[in-house]
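When the chains are written out, they are named A, B, C and D in that same order, and each has its own residue count from 1.
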Amino acid sequence: MTEQLNAWDRVQLARNAARPHALDYINELVKDFVELHGDRLFGDDHALIGGIGDFRGRTVVVLGHQKGANTRENIDRNFGMPRPEGYRKALRLIRQAEKFNLPVLTFIDTPAADPGLGSEERGQGNAIAENLIAMAAMRVPAIATVVGEGGSGGALAISIADRILMLENAIYAVASPEACATILWKDAAQAPAAAEILRITAHDLHGFGIADEVIPEPVAAHLQPSATIQRAGDAIERHLRDVEQTIATMGIDTLVATRYAKYRGIGRWVDNGETILRNGTVTNAPNGTEHVTSMQHSGSR
Amino acid sequence: MTEQLNAWDRVQLARNAARPHALDYINELVKDFVELHGDRLFGDDHALIGGIGDFRGRTVVVLGHQKGANTRENIDRNFGMPRPEGYRKALRLIRQAEKFNLPVLTFIDTPAADPGLGSEERGQGNAIAENLIAMAAMRVPAIATVVGEGGSGGALAISIADRILMLENAIYAVASPEACATILWKDAAQAPAAAEILRITAHDLHGFGIADEVIPEPVAAHLQPSATIQRAGDAIERHLRDVEQTIATMGIDTLVATRYAKYRGIGRWVDNGETILRNGTVTNAPNGTEHVTSMQHSGSR
Amino acid sequence: MRELFRRQPKFSPTAPGDETRSIPDDLWIKCPKCNELQYSKDAERNLYVCPRCGHHARLSAAQRIDTLVDEGTFIEYDAGLTQSDPLEFVANGEAYRAKAASAGRKTHTNDALVCGTASICGQPVSLAVTEFGFMGASMGSVYGEKLVRAIERAIEGRLGLVTVSSSGGARMHESMFSLMQMAKTTAALAHLGDARLPHLSLLTDPCFGGVTASYATVADVIVAEPGAIIGFAGPRVIEQVTRQKLPEGFQTAEFLLEHGMIDLVVPRAQLPERIGTLLRHFAVQPEPAKSDDADITRSAEPAEALHD
Amino acid sequence: MRELFRRQPKFSPTAPGDETRSIPDDLWIKCPKCNELQYSKDAERNLYVCPRCGHHARLSAAQRIDTLVDEGTFIEYDAGLTQSDPLEFVANGEAYRAKAASAGRKTHTNDALVCGTASICGQPVSLAVTEFGFMGASMGSVYGEKLVRAIERAIEGRLGLVTVSSSGGARMHESMFSLMQMAKTTAALAHLGDARLPHLSLLTDPCFGGVTASYATVADVIVAEPGAIIGFAGPRVIEQVTRQKLPEGFQTAEFLLEHGMIDLVVPRAQLPERIGTLLRHFAVQPEPAKSDDADITRSAEPAEALHD
């Protein structure tokens, strides 16, 4: 429906305040959801929520960035920018998921990790990093869905998963278009150009092999939230079943090794003059011959 | 040398500012000690120190409460009263010990866990509790030595171990004699009487089967610190070798099960009119017949 | 205040004296927070929550069990355990044994923890509930042993564990045996965790000292009642040591929630449904070999139990 | 300032151009903190630490390696990896490829990370060192791949891993491929941990963004140089967002130590001894089957390496 939109159009849609946020997905898709609070260390972060509930017949642990629908809510939610205690709550719930062998579903929607003084004091970097390693090694299935704004490390911190799904108008970027424009052109107003050049749309990410599926929005999500959420739920369920099938037939070790191989394989570089594309797909070498590089190191565990 | 001292005398000795503190033991017993700092969450607690070094030919992780020798030091060390970040640093280093299969040595010397506002805000109770469960289940040997004041939960939090050793003039109590006197007689000045009634000396604890060995002090420790420290080192080494022997012959699972059985067995109660003494020792039942209760639940893992 | 709430509970724990007192239905009960008056009968119907200000009054173990579990499902275990007095403790001319016996007569329990099995919203659980009226629910050897047996009962029966805790601190009269119950009970929870069984901990007013620094905060989900005062060090100790006045709302359940220490603050009336839902989410299927033993009420010999 | 420090290192990493510049010995170097002047020769002898105020100047990868490892032990690997430019990135009329090539000529490296094996105080290690002069040591695909290979080299050779990091942030020009290197490198460390091999992370000035939020803070021991500025968000971003002036000493190594985020602050001159001691403590005995391969300098085909 929105195929003709440019990157900046999609940035606007991804940020639309009326767009369904994590709790909208959770309330519609997760039965008897109980939100669980706190990192048991310092605080309870309202920008990163988590809990437990029933997703289509199985108990799951759910994590999500939560933006507000209005200013008052956004202040309470810190505009969806988690502080270290948010990531540490997520880590606690990931450990709980592992303990009880529950799949993890995450809903990604954040402009960035909080850049405040308190967050620095309490180790924002450490908190994100601990989540990355925990999710990379967790022995339960995980499906991450980018439902709005996938902002840099703040988004990455709860999106290490066996599948990364993206809503059609969601974005996922190494830096906000505004920040990128400031760096490249010393001018935040160049954000639309930066959005284009950064290749941050769902279709771009799918093309790069980073997103596993683009979930089409009936129209833009905020115009038909319920239909969008159900489509997302169907996609999540389909991928979760697929991952559960992998565990049933090949075991959890295979799943964890496959997850690692995926991340191990991300990146493109040239070695001895040849373009190497990991992920097992094909690229065009500078000398004009197509080739696939062997993945001798991938999944070497 | 100090056998004729009463409990209050020993409390005074245990608290003597000149008595060797944790770092004195570490510096004399642990070669190439590197102090490691921080809980990676909030702060670095100077009242609970930790690090890694060489104890008589093997790498060990060391933890200890650290009091100061004077007022300036005591302010820096918070009088040896750890805050939650101290216990969380300890937990981090315990995990590190497990990761690298290193024994844990702890030196106990604290009046109590810090009772300040900040410590409450950051979950003093949670922090201590997390250490208790981690140390109960840790898959490495641990020797705890009470070198001075073993103050309540603040001491317990780093003293779950395969062996608990006590210096002859060390004490270990559920509450300080002053606090106990305040509760019992509304009068902190009754502390000497409380010290007596609470049975907090090394010999008492050994008699109860809670301390595994009383390490004699040549004279009071602060008069011959080096000789005292070496004696403690010898006792620690002897027990550590013994525990290592258990692992070598029976495996680490047996060690962890034995540690659990020890704590599982602590407590005395009456069931159906009969006095039951856990710990495998004998007691006198009210009906006048001696008996040992079977420990059907101990080490049931 | 607490005394006024006492009544003949539907579940009656066994006690040394086994005396029963009849309490008239038309007794007035005054809310300690807002002074609202209500009939004891109304108070019971309101679960001892003040209809005006929402103050959650303290409950006896029996009242707690009545308000939490499915009616008629509680079976008590280990009711016969009592104190052994290893220190032969006497202070101010009062012997520990005498003090405990008196507390037992008052509360109709042998010690500060009542344990058993029950179901909550249909979910079978191993349950441990403190009796604050018994020496401030201080954790001594009996408390520790009964709790560990409740944990073992959970593991053997593949049950979730629900603990309901309030406590004033350590059982001074048992000295180090009391302190060591922190280690003993928490260590047992490691086995519950290995068995992948959930521990849901409900903290109620007031909860301090060794209990909050041991098993009660080592839980998969920690729930507290609104307004409950919970902490490690007691407010008076903190004020004494720091010479600071404590801020308004310090150490309340809501304060702990904000500081990330607990998962949920749940009003008393919603506790069964909420805990039942959590138990259902965490429910681990019985191990294949034991699947026919899932009806826990038949799985072991209960201690004496009384239903109304 | 950094440019002034450049010299012909004892270890010379291979670079595209392979041009060498000779720097006169009598060049003056000014301390950016206290303006103290010293001869470049003296500066080298002082490890580029100001003798007056102790300021630790930034080092090139080559200088870092020279000041950290046992002389003549460094062997570089994977020097041939360069950028693939998956986005065909052009901004302000400047192509990513051209920018990288220019950085390569300037720094004598092909990207912002130099990897290899070496020994530190006799302890063999797999080593990864950032080159801040190469596009601010931003983490792109080459950086990530080289680091993961260094981790794999550690696992294969049963070596400790030492990373030395400074970074200005993400490699914008590789967009999401850059962000994903955070996940890739950190995930690889899970395997190092499973192999019970230590990761010692040295943070140097300046260290920000994705690097501090990934592999560099997932370490068994984190060390920083005195005065190094380290954080997640850059000081300017924080001031912009919060409209607050940052307190004195914010985000310094000493600040991080106080806030529990790092283990040690170690002056440059003491780094080899301290890291060597830590490696010795953590040293895991080679696995029995591999114990004869412990001499890592012979265990695989090194890439081109130059010693002086």
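Some notes on this structure:
The rule we apply is simple: a residue touches a chain if its C-beta (ideal position, glycine included) is under 8 Å from a C-beta of that chain, and two chains touch if they have at least 3 such contacts.
Quantities reported herein were computed from a predicted structural model and do not represent experimental measurements.
Chain centres here are Cα means. That of subunit A falls 42 Å from that of subunit C.
Between the CA-based centres of subunit A and subunit B the separation comes to 45 Å, rounded to the whole angstrom. Taking the mean of the C-alpha atoms as each chain's centre, subunit A and subunit D sit 29 Å apart. In subunit B, the positions touching at least two other chains are 40-42, 122-123, 126, 130.
Listed for subunit C are residues 193, 217, 259-261, each touching two or more other chains.
Interchain contacts give a graph that is no line, ring or star and is not complete, per the touch definition above.
The full set of touching chain pairs reads A-B, A-C, A-D, B-C, B-D. Against subunit B, in their complex, subunit D makes its touches with residues 193, 196, 198, 217, 220-221, 257-264, 274, 277-278, 280-284.
Subunit B contributes residues 113, 115-117, 119-126, 128-130, 132-133, 136-137, 152-153, 156-157, 160, 172-175, 180, 183-185, 197-200, 204-205, 208, 210, 260, 263-264, 266-272, 275-277, 297, 300-301 to its touches with subunit C in the complex.
Within the complex formed with subunit C, the residues of subunit A that make contact are 32, 34-44, 52-54, 59, 85, 89, 96, 99-101. Touching subunit B in their complex are the following residues of subunit C: 78, 80-84, 86-87, 89-92, 140-142, 144-145, 148-149, 152, 169-172, 174-184, 186-191, 193-194, 209-210, 212-218, 231-233, 237-238, 241-242, 244, 246-247, 250-251, 259-261.
By the touch rule above, subunit A contacts subunit B in their complex via residues 40-42, 84, 88, 122-123, 126, 130.
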